[in-house]
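Listed next: structures, encoded as structure tokens.
You will see two complexes here that share chain A, one where it goes with chain B and one where it goes with chain C.
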Partner chain A sequence: MLGVKLAYLNLKEAGLRTWLNVAVLSLTFIFIVGYQGLYVGMLKDSSRAMIDEEVAGGQYWHKNYDPYDALTLEDSHGKIPVSLEELINQKKATPILIRQATIYPAGRMQTAQLRGIDPAQTIVTIPLSFLDNNKEELPVLIGTKMAKAKNLHVGDSLIVRWRDTNGTFDAVEGKIVHIMKTQVQTIDSGVLWVPLDRLREMTVMPDEATIVTISQDVSKYESYSGWPFKDQKFLIRDLTEMVKADSVSAKIMYVILLFLGMLAVFDTQILSIFRRRKEIGTLIALGMTRTQVISLFTIEGVFHGVLALVVSAVIGTPLLYLFSLKGMPLPQVTNEYGFALADRIYPVYTAGLVFGTAALVMVIVTIVSFLPTREIAKLKPTEALKGKLA
Partner chain B sequence: MKNLMIVLLLVMCCGSVQAQELTGVGILEKVDDNLTAENYKAISTMIIKGRRGTRTMQAESWVQGTEKSFTEYLSPPREKGTKMLKLGNELWIYSPETDRTIKIAGHMLRRSMMGSDISYEDYMEDPKLSNIYNVEIIGEEKIIDRNCYVLELTAKEEGLSYHSRKMWVDKERFLPLKEERFAKSGKLLKVYTIEEVFQVEERWYPKRAVFKDALSSGDGTEFIVDSIEFNIEIPDYIFSKASLRK
Partner chain C sequence: MAIVKIKGLVKRYPMGGQKFTALDHIDLEFGKGEFCGFVGPSGSGKTTLLNVIGALDAPSEGSTVVLNEHVETLSQKKAAGLRNHHIGFIFQTYNLLPVYSVYENVEFPLLLLKIPKEDRKKKVLDALEWVGLMDKIKSKPAQLSGGQCQRVAVARAIVKRPELVLADEPTANLDSENSYNILEMMVKLNKELETTFIFATHDEKVMKYLRRKVHLVDGKVTKDEIIGKGAQ
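Right after this comes the complex of A and B.
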């Protein structure tokens, strides 16, 4: 207790030097929590969007379907297995037929993807009610990125050309009935959503699909021949991998910041021991053991960490709270990444993140505070009293 | 002199009767005879008229029947050395810039060939129309002061790129001076017009033609045949993937 009291008084005595260390440590702590919170928030927000709007409870893919190989799309369609069809009838699954097409926005030939989906489905949260199938022209739903890229607006007409199952060209006039705002690029960029029945009719592919998306309520997944099941984890793996890869680079930054903070504490400790060698000698002469003196100096160092956490709580709480409300805008270039990234990321601070970072800072501060004090063990009290180091 | 006139008149009448007796299939076969050959080698110029300007390319092609063709671009410098090889239903392109050969398949076949109004799919098509279309004569019209049969072609079988075509065939030269290609829904997709013809040996062949994607803006792509030689000997190695890198 005496050690703690002495340590506190010594820190108070050090004045500005103490506050400088505390400021560096608390800034490091706030930065780490804030930045790491961004990754947690990004992962949470993006995976939620992907699950809600695309992935749901998982997907059955036609055996030839590979979203990363456009060449496979030609043959990625087939009749849905009867038992899977039952799941669709129970509204626990929804089939999606994907075909390549060519569109002519403003007279320019562009490739696009036609995705047929049942407008009445409730498995994924896409605003499909706009796809009124009773009109002669093909109702088309697109995302904001697609609309921007092709300069399309609600009410615009565009010619859509495709090949049917036999390879014969067909073309029809389509009308943009709605532009949905979505952060999931895979359902936006280059994609035209149309009614499933219509697309099946257009392509002469009755009862066929490319993927079947399963409701999140379905807990047991059966296997169907020729239709491998892809679970949620698999379907959002690109996102998790990206966040993981990105957070590695962030961790390098944390290490640099922590290193700077620790350097300040380490320097302070070295300087303290050098300047207070007479005091050390006196304390030992008065009967304190070397371990007690080492503990005193280590506690002083640890107090920097404790004070930094208190300052972080006082300054950081409102700051990080404000950050979580305002979020951080992402640069335009991230639109091209192909991930479900929103325009703005809102950080999420978990208890594990805050306490984990605090614990990490404290452990490192303790180690860094202790290391220079080992010099004290080598001190001879008589020499120390004279102001000499052994 | 009078007898000669009678003979000439008779010959002309007989010719006219013969022409009138021609069926749609017969006309189409004559068109095929003009446009297809066992093999040929040609140097042609392609002028692509886009919204941002005009690009001119020259290419040398070797064609063997309907299954094999090899094209090498000679100019402009940017495209020089680009080669295309068609073997049956497969198409490869070699780019000298990257020194790589890529296979064009799937949706890539739908893309425009070198920025022209022709897609790779069009390039891959079997040109012998009488093999794949049913034909009917639906009338006669004049195109560029030439009397033409108007033919309506409908696909004999499923799987052809164009479900139907309308063709204006020169009554004397049996060349389609104008052709419209339609989607299954009846929408006009492509328009092909021959603006100048020339005679090579006994056949008539397009000298200058314009191919236009009816759905896109722009003035189409013009083809000019600079020189052409029919039924020549083409060594087999030309139609091999190895020749792409040569």
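Right after this comes the complex of A and C.
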């Protein structure tokens, strides 16, 4: 208690020097929480979008299906197991047939992926109702990135060519019936969504699928031979890994900021010990042990951290709250990044993030405050009383 | 009964690759209630001797027993305990804690002794009354004159009723009137509380008050003079 009071009074006496340290530490803390919150928000938002629009409760993949190898698509189709079919009939799953195709927008040949899906399904939230509109031409739903990349607009027609199960090429005229806005790259770039029945008919693959997406309401997943189950965690792993990797680069900035903050505290501690040698000598003469004096100076340093957290709470709370409401707009260029990003990222501050960062700041401040105080142990009280360093 | 026994005390300091002898085979004893001092020119070893008695410095040779504790073998922690419980210090430059008020400065040694709040308050107010600073309780050292600061330092030294008070040039920064007041106060405390006062001084004003003067020259005791009642 004695040390705490004396430390508090000394910090008060130090005035501007204290507040400069506190300001640097507070800004560091607020910046870390705010910036890290963006990553948490980005991961949460992108995960939600991926789960809602693509992954749902998980997927059964045809055993040959490998999303990273387009050549496997040729053989990635098969009859859906009967019990899985029952799940589909109960509207707890939806089959998707994926086939390679070639499209000719404005006469230019482009590769694409045809994805057949039941327009009436409710498992993933893609605006599939548009696919029912046109019975004559092949109704095609695309995403904004695809539309931009291929210069396609609603109402545009394009030739779609594919190979059926027998290897025979065929073609049909498709019509863009809707361009959906999605941040999920994998259901957008290079993908043409068409009605499942039409695609099965076109490819002569009745009752077949490449993947079967399961509702989030299904809690128990059975295994089917030739159809391995991929859970949510697996399906969003690329996103998680990408955010983690980006988070590492952000952490380098935190380390630099923390380093600057800690440098200020370290410098203050060194200066304090240098300027207050006489006081140290007096405290020892009055009966304080060196350990008590070291504790006193360490507490003073730690107080910078405590004050910084208080200031951060006062200034940072409304600031970060406002930031979480308004979000951070992303420039158009981020559309080219190749991963799911919304137009605006809303940071999410978890208790773990806030308290974890606070704990990290406090631990580092404590260490940095303690290190210079070891000089006190070397100080001779008789020299200190004279204001000299031994 | 001797509360300080010094035998064959030698204190050497390293200086420019050689050893400088600050105290050279000192043999002294001080009893309870003495009002005495080390006198001599600068560099004669007065402060060094005071520091050894105060367990702030360890002797190079010989033995120094203060209140039955051998200073030369005391650990840092035990030395702190000895100072904390039994020794009061008064410095030439007062050495008050600038962030504390007068009350808090005087209270500080009692806080280290973990004395209960009520008891602490009584002792602090008593000490401040002795030194006549009841009206400055809330003032900070920066708001006080030199004489007032030294009175606070005296109050801080005697608040825990130590057996021994060590005063290093306590009047060196004070004018005659303040020096007189401080010394009168110390004499009064010495009489009323039977506290042993040991000074290190070359101030004639202080010397007049001493009942025993130990003359030091070049680290050696040249004369141990019993004066009787001094200027009291």
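Methods note: the second predicted complex is superposed on the first by the 379 of 390 C-alpha atoms of A that agree within 3 Å, B and C clash if a C-alpha of one lies under 4 Å from a C-alpha of the other, contacts with A are read in each partner's own complex, and residues count from 1 in each chain.
FYI, a contact is a pair of C-beta atoms (placed from the backbone, for glycine too) under 8 Å apart; a residue touches a chain by one contact, two chains touch by 3 or more.
All values derive from a computational prediction rather than experimental measurement.
S.K.: Quick check on the superposition: with chain A as the shared anchor, is it clash or fit for chain B versus chain C?
M.R.: fit
S.K.: Should A:L6 be classified as contacting the first partner (chain B), the second (chain C), both, or neither?
M.R.: second
S.K.: Considering only touches as defined above, state whether A:S129 meets chain B (first), chain C (second), both or neither.
M.R.: neither
S.K.: On the A-aligned overlay, A:T168 touches which partner chain: chain B = first, chain C = second, or both, or neither?
M.R.: first
S.K.: Considering only the touch criterion stated at the top, classify A:A106 as touching first (chain B), second (chain C), both, or neither.
M.R.: first
S.K.: Tell me the angle subtended at the Cα centre of chain A by the Cα centres of chain B and chain C, rounded to the nearest 10 °.
M.R.: For this superposition the angle at chain A equals 150 degrees.
S.K.: Could you tell me if A:T240 is touching chain B, chain C, both of them or neither one (first, second, both, neither)?
M.R.: In the superposition, A:T240 contacts neither chain B nor chain C.
S.K.: Please give the nearest C-alpha separation between chain B and chain C in the three-chain superposition, to the whole Å.
M.R.: Closest C-alpha pair between chain B and chain C: 73 Å.
S.K.: What part of chain A is shared between its chain B contacts and its chain C contacts?
M.R.: After superposing on chain A, no chain A residue contacts both chain B and chain C.
S.K.: Can you list the chain A residues touching chain B in their complex?
M.R.: Listed in rising order, the residues of chain A that touch chain B are 70-74, 100, 102, 104, 106-109, 111, 159, 161, 163-164, 166-172.
S.K.: Can you name the residues of chain A that touch chain C in the complex?
M.R.: Touch residues, chain A against chain C: 2, 6, 9-10, 12-13, 278-279, 281-282, 284-292, 380-382, 385.
S.K.: For chain C, which residues are in contact with chain A within the complex?
M.R.: It comes out as residues 48, 51, 54, 56-57, 76-77, 80-81, 83-85, 89, 91, 93, 95, 97-100, 108-109, 111-113, 156.
S.K.: For chain B, which residues count as touching chain A in their complex?
M.R.: Checking each residue of chain B against chain A gives 51, 105-108, 110-112, 155, 158-163, 183-185, 187, 189, 213, 215-218.
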